[in-house]
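Letters are used for the chains, namely A, B, C and D, taken in the order the chains are written, and counting of residues starts over at 1 for each.
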Amino acid sequence: MTSIQENSRIKCSEQITEDIFRLTLHAPLIVSQAKPGQFVMVKTSSNFDPLLRRPFSIHDISTDGDLSLLYKTIGKGTSLLSTFTQGMNVDLIGPLGNGFTFSDNQNICLIGGGMGIAPLLFLARHLKALSKESCTHQVLLGARDHRELEPIAAQFLSLGYKTELATDDGSCGHHGYVSQLLPDILPTVQGVCVCGPTPFMAEVARQCRAANLPCQASMETHMACGLGACLGCTIHGSDGAYKHVCKHGPVFDANEVLWPL
Amino acid sequence: MTSIQENSRIKCSEQITEDIFRLTLHAPLIVSQAKPGQFVMVKTSSNFDPLLRRPFSIHDISTDGDLSLLYKTIGKGTSLLSTFTQGMNVDLIGPLGNGFTFSDNQNICLIGGGMGIAPLLFLARHLKALSKESCTHQVLLGARDHRELEPIAAQFLSLGYKTELATDDGSCGHHGYVSQLLPDILPTVQGVCVCGPTPFMAEVARQCRAANLPCQASMETHMACGLGACLGCTIHGSDGAYKHVCKHGPVFDANEVLWPL
Amino acid sequence: MAPIKNTSTVDLSVNIGGITLTNPVMTASGTFGYGREFSQFVNLDAIGGIVVKGISIEPRAGNPPQRIVETPCGMLNAIGLENVGLERFLAEKLPFLRSIKCRVFVNILGDTVEEYAYLAEKLSEHSGIDGIEVNISCPNVKKGGVAFGTIPEMAQTVTEAVKKASTLPVIVKLSPNVTDIVSMAKAVEAGGADGISLINTLIGMAIDIDKRRPRLANIIGGLSGPAIKPIALRMVWQVASAVSIPVIGIGGIGTTEDALEFLIAGATAVQIGTANFYDPSAVNTIISGIATFLEQHNETSLTNLIGSLHTGDLS
Amino acid sequence: MAPIKNTSTVDLSVNIGGITLTNPVMTASGTFGYGREFSQFVNLDAIGGIVVKGISIEPRAGNPPQRIVETPCGMLNAIGLENVGLERFLAEKLPFLRSIKCRVFVNILGDTVEEYAYLAEKLSEHSGIDGIEVNISCPNVKKGGVAFGTIPEMAQTVTEAVKKASTLPVIVKLSPNVTDIVSMAKAVEAGGADGISLINTLIGMAIDIDKRRPRLANIIGGLSGPAIKPIALRMVWQVASAVSIPVIGIGGIGTTEDALEFLIAGATAVQIGTANFYDPSAVNTIISGIATFLEQHNETSLTNLIGSLHTGDLS
């Protein structure tokens, strides 16, 4: 696994809702190595505040070397990022982490909540390209409301995926949690890939375990380096040992994670 | 003296040479109070690095509430400032300090070196408006080379001033220090206003003292507040006491300053 | 000037040494002049308390320039305790301070126990002063100051002397440049202090690599600003957990969130220092912000927030 | 990977405890993994020295999450000394370190004097290790560590024990959380240390105001990064002026200018810590930068720069 420090150039920065942005960067070196589920560490400032890079999943890539991020502004780093404009440079390190694993003859359910949707588009594109004709994958996406969800869902639809939606306010799709759509789907798939808030992933993991289906979950923690050096990015493993998200993850077999009750 | 915290808006940011910029801000409240020789404290960052505001002389004002700064990029704060673009907001505090004093019936020589030219344009505009017809003020400007000097000298010329130039490389005007032009001028004026590097101002002060002419010098020091609160902005006074540049200055009677030898 | 939210129904008042502050937001010594310098940016009447620049018996000229250096998210200062001295403070500065409604604390410094006691006694004779803050911690002056602030017994002795000489509430301000801040705090509590404020600046340095000289004429200076906030917060939490007198949190506080961290850690009040320089209306913003936070969390009184930190089962 | 300037005619080599480093730029313990993690960003062969993550006799799991918090121009960590333990270090990490050309220092930690001595003895038996750095300063573990790093006599005892048990050069790494850093330095010098590295992290804290809980599961953590640079530089200057063994400067160094400040203050070498996280090729940049600076200033050897600070007549 090779990671690269690349000075990418912004091709476009789109505002999707008041706090959700899509950033497209030309980063051909990183793109050439990237696998779905991996992430990049992004420098958001030219000075020391904020100090650390910020981790973001690779949302999508293009064959001509573009990489896109989908992110929500929640603090200093993401707010700064949202002010960046076309033509500016962004210092990236990536691709980092392990990524999702998949076989070419299984039906997979991709389920994402909130910004957890980000890594699933790249995964969907990849699965599409690799899977046998016979595969019928499923996409389930949840978010606060339709304004947040629809522009992103459109991308999955354009890849030809069956895509079901859920919103907290019922403004599109199912009114409620996206995990509530999962029971109907589980019997039709051989595996689940999930990303989103921890309680949501815990619920998805629980359903998969009950159905005896493999589930891969992409985890989030605070990271300083993303390189396996600082040992800051721990989560509790089900075996009682700590796991480092940047090195052992970010994608884990859901059974290896100690989920909060 | 009233100082105001004003959220100004950038009307334009012009690059004059690779490291000299002119920033025009709409700041009608500050402009309505401003006097030549006063300065503003500029916030150059939305986060904590750089932490402190940066002091800049008021370079010029317009009747419709615009204020311009002329600055050189030398470090973190000025470099950030140079990336600001039209329409962005800049948080200013000003006008601060005492400013130059002048009477309406004296010939004054304005002499500036490097970025010390900045406050002299506003002073020149003011003097022009206030002086008796009979006054023939003099402007002497020095800089590294013609590219730096000519765009700024043009402004003084357009106000109708007799303007003599000096450059370090001889690419326009006198080849050498602008202070070398002063001896010929001193007999024709009743006072001198000077701003620039300290050794240069010391030389101008020396010539004025020898000629028994009043000299007002605009001093620079490191400032944290600009408000008279931190007591950080001291210079040595000729009376052995410290002077605070933001409060007692930035303009001092050259005889009150203890000049380095 | 930012509007102050005082339509709030939340009770923001706190009590320090028997006097009531309308809210817990004060200004730190040496960063707010004598109040007047900020009258154009802040509603002075609305501040919880102003701590004026440290006063000595005689005027002090302070250190030669350069006195100030910016550092990452902070600044070093080596002002050297420049001040107008007791007499001119009383004659020239106190009248204005009397004219504003907020509480006024006078920060004092001396080279000997007797000097501290003398200042405390004299200040107690004048109206318009609500309390004394004893600076035993300034790192800039070579004699006296440093030792008072680093040896518990000496800190206790100064505290006792000031308490004895004064009828006003006495707050002792601690230096963070010690191995064991709690033993310092316990010593001044034992000495009778009515409150403890912390932290003063950390000792730092900066070098001009081209000249190969220290940037500060004094060589070393005091580090303040956001950079030191994590250290200050830790010390405030340790001290507030160990003493029973009120603690005033200081160090890098510039936003409402910063102030709330210190209050939750156990501070009864906070002081805003360096932030006044880059954001002169910070005090107002923080007072309103605390009220809004409490309303949003359905708290009717600030006292419920103070020291409300949970430390059990954190993983 | 940034190119390394080694066409330079300037002699950058320095000597610490009898071993020569090709240049004064090292990586700080706990911030550079075991070297391998950075092989894609840095020319490992060109580094002056690598100090590996602190090793204990037995593996340690470390603290529960959250272990990391960003602070203004800094970060808090409470890793809790997670490490693979001596045996796995020797088996799994040392072979790679042996394969690179730069000097390798092993940072060790223990709960007792005997543990330190045991580690030093065992490490001396293996090739590929150029020196030992004794961490007496980590603030994250409750027992042992803190006291070793704050009481001069205990620091001296550990130093003596490690020196006796080891044939390798011994560097002792000091904690900044003390009143008097010079007395700590003198104690370890008296104990026979071949060098002193400082500073380790300052103890800090951060609070989540909505949850009213500390952000770190360990409540407190170690502050590092640019925020602490002024404090580190001051301590390095004080210590370098007081001892006659080499001093290695650490704390917030991220640029060539930062490194030069420490060298001018008297450090024989520097370590890059937190900067590796946000700028993984920082070490390379700084090595080239120092060479360029010396060339520009017509210095033929780094040694002329070390300790060249002028402190006379600064105003």
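Quick note on the criterion: a contact is a pair of C-beta atoms (placed from the backbone, for glycine too) under 8 Å apart; a residue touches a chain by one contact, two chains touch by 3 or more.
Please read these numbers as outputs of a predicted model, since none were measured by experiment.
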**Prompt:** If you take the chains that touch chain A and keep only those that also touch chain C, what is left?
**Reply:** B, D
**Request:** Name whichever of B-D and A-D has more C-beta pairs touching across its two chains.
**Result:** A-D
**Prompt:** Where centres are the averaged C-alpha coordinates, which chain has the largest centre distance to chain D?
**Reply:** B
**Asked** So, what's the distance in Å between the C-alpha centres of chain D and chain C?
**Response** 34
**Prompt:** Rounded to the nearest whole Å, what is the centre-to-centre distance of chain A and chain D, using the mean of the C-alpha atoms as each centre?
**Reply:** 36
**Request:** Please work out the Cα centroid separation of chain A and chain B, and write it as a whole number of Å.
**Result:** 53
**Asked** Using mean CA coordinates as chain centres, what's the chain B-chain D distance in Å?
**Response** 46
**Message:** Show the residues in chain D shared as contacts by 2 or more other chains, in ascending order.
**Reply:** 64-65, 72-74, 225-226, 315
**Message:** I need the residues of chain A touching at least two other chains; which ones are they?
**Reply:** 48-50, 236
**Request:** Determine the shape of the graph in which chains are vertices and touching pairs are edges (line, ring, star, complete, other).
**Result:** complete
**Asked** If you look only at chain B, which of its residues touch chain A in the complex?
**Response** 45-50, 76, 80
**Prompt:** Of all residues in chain C, which touch chain B in the complex?
**Reply:** 30-33, 37-38, 40-41, 53, 61-62, 64-70, 72-75, 77, 79, 82, 225-226, 254, 274, 276-278, 280-281
**Request:** Within their complex, state which residues of chain A touch chain C.
**Result:** 48-49, 236
**Request:** Over in the complex, which chain C residues touch chain A? Could you list them?
**Result:** 72-73, 226, 315
**Item:** List of chain B residues in touch with chain C within their complex
**Value:** 2-5, 43, 48-53, 93, 221-225, 227-236, 241-242
